[in-house]
């Protein structure tokens, strides 16, 4: 069965029309067909959260969505966060708080947090930990991830954005 | 090495921007035109005789390019190298059996690779796996370490006539004499099981053969690209310079991504050369539970002989070590257990022997901590039991036995995993213990908090444990530092990097010496075209061995800068100051050259140079320590246990650690925090559960439980710095430290919370279910 | 871990979906896919065709019924339930449960109907629906039938859904006066399948006795279990500590839990007793509060 | 995995014994069995498809070998099933004792499950095996009723 369907999907604001096999996972579509390799694949059974992307603005695991299901929808990946090489406030906070080590799980964590912070502008530590409880990290022990989110939250509250890493890319 | 502009500073990481924006290249991100994809058929059975593999249907499937079985490999089929030969210990027995690329006559563990399918996509390759028919005659599986050694046991490797993989005996002093003189001997059986490395990035290989250039390029999730390059060249009949191995960004290593010469690592390059097309294999999570090495069970029968005042007179330990189906990594793990048991304590008499056992389970090699956990657990638990029986406080019995700060170098009189004597270089153990006890508020907890909670019906407990970690072992690493005409400084070193921050810490070391801004230093690691001497990242050695090599190379370049600047500026070398990206004459800032200008002048295109002059501002240096150094630490924790549900909550976790001179505190603290998380996983969440038939019962992230953000507390940390005299920077390793004493700590704290119930903990990992069983058993025994 | 091939359909209406399913006996409906797709990635599931319900707008949404109850479209996503003010006000037990269903990313995609039709014995929602006496609306080409949750769950991953039938909505009855509820589960990690979980709703008589109790458990059998003995041990009695404890003990007669690597049957029994007691305590506390302040 | 228990069949021992070894009955009563043939006196071969919930019924090739048969008291079974999702194999021993008009079956099986189903599906193994056993025994009992004329086919 080589069931190929043509889909039109908006990824990071750009429309893409592609013929895909119905079984193609969204994670593979993004990484292989579109070359957006910032979305990482860690378990392909929906536990590790590394492949988290936004589907119509909500965080989902791209290994548990078929690419064909995104026909007519909008997807955002980690590549959408920085603008012209300038890190967004959350990325900047991760840099400043040493919130990543190997960085493999990081895109998934960022994409989980981006919409969540919109709905939770003043979270406490437990809230933050719950929000990322579906993202496994083997390097950091999570402490600096939590600190990074707290830092981003406090800066956003102060109306400050950007940071020292923003100038470099 | 004293703190400086960069040395000892929490410089934010230089590698972050790429990682945060999704632009860092990981192996699975490599996309090449015409690339094919491989998938492996793996054995369902743990042990059996392979009768036949029929891949004809798979070969006919549309999109399949090739299927290889052991038969198809011809002369290329051969067992992998013995990576670590046994150390020269008298009377040592070692039966070497290394893994094979594809099982040929026999399957020795579940998940062992049987065939490789190459197809136009991974999807098709996996379709084709289902077409292959395997005929296998099952054999009884060997999983129980004691049963494996009994006569008549099924044999993993028939040629040895036994499942014994190794036997090693090391001792110092006279344990029997010590035992006879002891006021108390505590003896127990301990089980310490460990799990998977479970890096979030699975392993992966991409191989590309350029037939016209006769160049093989391999992207590999390895911690040790140089040994892989050299080994692959030898296997494939190529010159070492014809092979380039790149370990790009790696999504966590933790040990098993070392130079294993895994079947996939050996087969992908071979097949890419035969097929003339690039080839990719990315391990999936299920495969990772079989195809990537693990750590596992040791069973210790140990006893501690102490005087009435709690002083250690001697320790005797006899243990079994599960080495899995093959033992390519030699004895590193059990020797670490054997040596690390001694900890920071004066143990005048020690008698330790172990037997490594082949079983029908995946291969055991070092995972973060590498057997050290097992040793620490045994010693710390024995001290806890002795303290209880002697009526001595748990912290006090430790204090009485610590090696004093003036006793270094301290010789334990046995051999370590680096084949060198186990001699501690430096440390201040009483200070660390004191600090940890103070930070956690041990006295106040014991005296008032714990009783107060107990009166309210709550069970809280505290633990305090110490450990030593032998780190920074040889043989050597190297680095090349180059000042480019642009003024950028390039550093190349051979070790792979998996998130430790090498791009930043190595840059700090070089920036410190060359007086440039740290972000003007670009570090390249793990690409054999850039640097091809060295071994790899393991045994908490990156910052120590490669770090000192970077430092040494930077010093050489600094000397070149000074010499050249002195000549051009007509000043005495002693008058030249290197700072702010320039070299100038002291007191005359206008008499200066930028480093870029000096680099240009050091590479003249016309004219003549003084004979013997080396071009450029570049130097390569190597560093090899005499032996490993001793990092150390104390961990303390408060837990609360719900005796009705056996749920455990960590209330506080304190670490005082000493990894010598710290290059970047924030990086070091993060390494410790991450290690503690791994240790908590080991203590309470993670266990590879094999049934009697060698079937792994939890080969997924649904059932193999990595701790989440809700399970790992933020560790409260303090640094102590006793510089190592074994290297110029004075650094010690820290990569594994956090993970080592956590099991022992968990056991002590949970047992303390349950004090009075009769629960005694002699095993790790625990789980709520296991705790419930222990509580129930203790109730039954009391009734 | 790549899924096997299948034919894909995305109908725009329930009728179209039913036609597609009827025409292809090997087809499966695809709701949130958060259990089905992992099974496919493991190649444990290989449906010949998937009929994707995500394009059927009519299947989503939460509305208030004239009798005060709630109607949840089967394709309403967990996240929508979790954040619904209607659910918070009129089905607090369901609202309390939602954060325990897997992780945020799963809840953004997973659907209520999908969870119920999947009927995993360790899943939260079947037990909660059973406790709430939900009515499940099943639609086929011949019409609609309505089944109480108690009749819907028939065994291990088994439901009363007939071939060609779709679960299209779930209706929750209005909350009675003086009613309190509680949800408790113990899992290895937050978001994992529970080792044992308990959902309880209790109603008090004016005089303070327990008028009705409905306690359900999950992860202790082939499907959600209604603890009838627990209810019997409570009804007509003042729910003091002794009564609650005795009722919690009675749960042992209601369950026959399985063993797995994370929890043996004995441990599950212990958890069932302890968690039942805790859930009841909390539910009675809330019932008393509801009794004194019906707006609560 | 050890599975043991007793089950009471409402019929005489000889009839129960014959029933238990009848390939047509096995085909009807073994959960998921699609075919079972007796290839010789003591060897049965067949196909089973076991599908639980989301798990698509995968075909298992099943071989059952009877040994130590003592009519009408006891026998041993060697069971070997293999399929794409893994395998199951093991030994079962069955003993029948008469109890008035009824027959009590004592069974004890030591079954091993391997491959993907064990590695990924451990959470459900206990429940699934219990369910299959229950279904099998109940179907067998119904078949016995039918044979004894207690119930229409």
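By written order: A, B, C and D. Residues from 1 in each chain.
Criterion: contacts are C-beta pairs under 8 Å (C-beta built on N, C-alpha and C of every residue); 3 or more make two chains touch, one makes a residue touch a chain.
Computed from a prediction, not measured in an experiment: that's the story for all the values here.
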| item | value |
| --- | --- |
| Greatest separation from chain C - chain, by CA centre | B |
| Pair joined by the larger number of C-beta contacts - A-C, B-D | A-C |
| Between chain B and chain D, centroid-to-centroid distance (C-alpha), Å | 49 |
| Centre distance in Å when chain C and chain D are each reduced to the mean of their C-alpha atoms | 33 |
| Interface hub residues of chain D, defined as touching at least two other chains | 84, 116, 120, 122-123 |
| Contacts with two or more other chains, residues of chain C listed in rising order | 1-5, 42-43, 189-191, 193, 261-262 |
| Residue numbers of chain A (touch at least two other chains) | 21, 23, 44-45, 130, 133-134 |
| Set of all touching chain pairs, with the criterion as stated earlier | A-B, A-C, B-C, B-D, C-D |
| Residues of chain B defined as touching chain D within the complex | 44-46, 110, 130, 138, 286, 289, 689, 691-693, 695-700, 702-703 |
| List of chain D residues in touch with chain C within their complex | 52-56, 58, 84-85, 116-117, 120-128, 130-131 |
| Sites on chain A touched by chain B in the complex | 21, 23-24, 31-32, 35-45, 47-48, 50, 77-79, 81-82, 85, 87, 91, 94-96, 98, 100-107, 110, 128-130, 132-146, 164-165, 168-169 |
| Residue ranges of chain B in contact with chain A within the complex | 10, 12-26, 28-29, 31, 123, 197-202, 249-252, 254, 282, 284-285, 498-501, 519, 666-667, 670, 673-678, 700-702, 706, 708-710, 712-715, 738 |
| Partner chain C, residues of chain B touching it in the complex | 122-123, 126-127, 130, 284-286, 644-647, 685, 689, 697-698, 700, 702-703, 705, 707-708, 710-711, 767-769, 772-773, 776 |
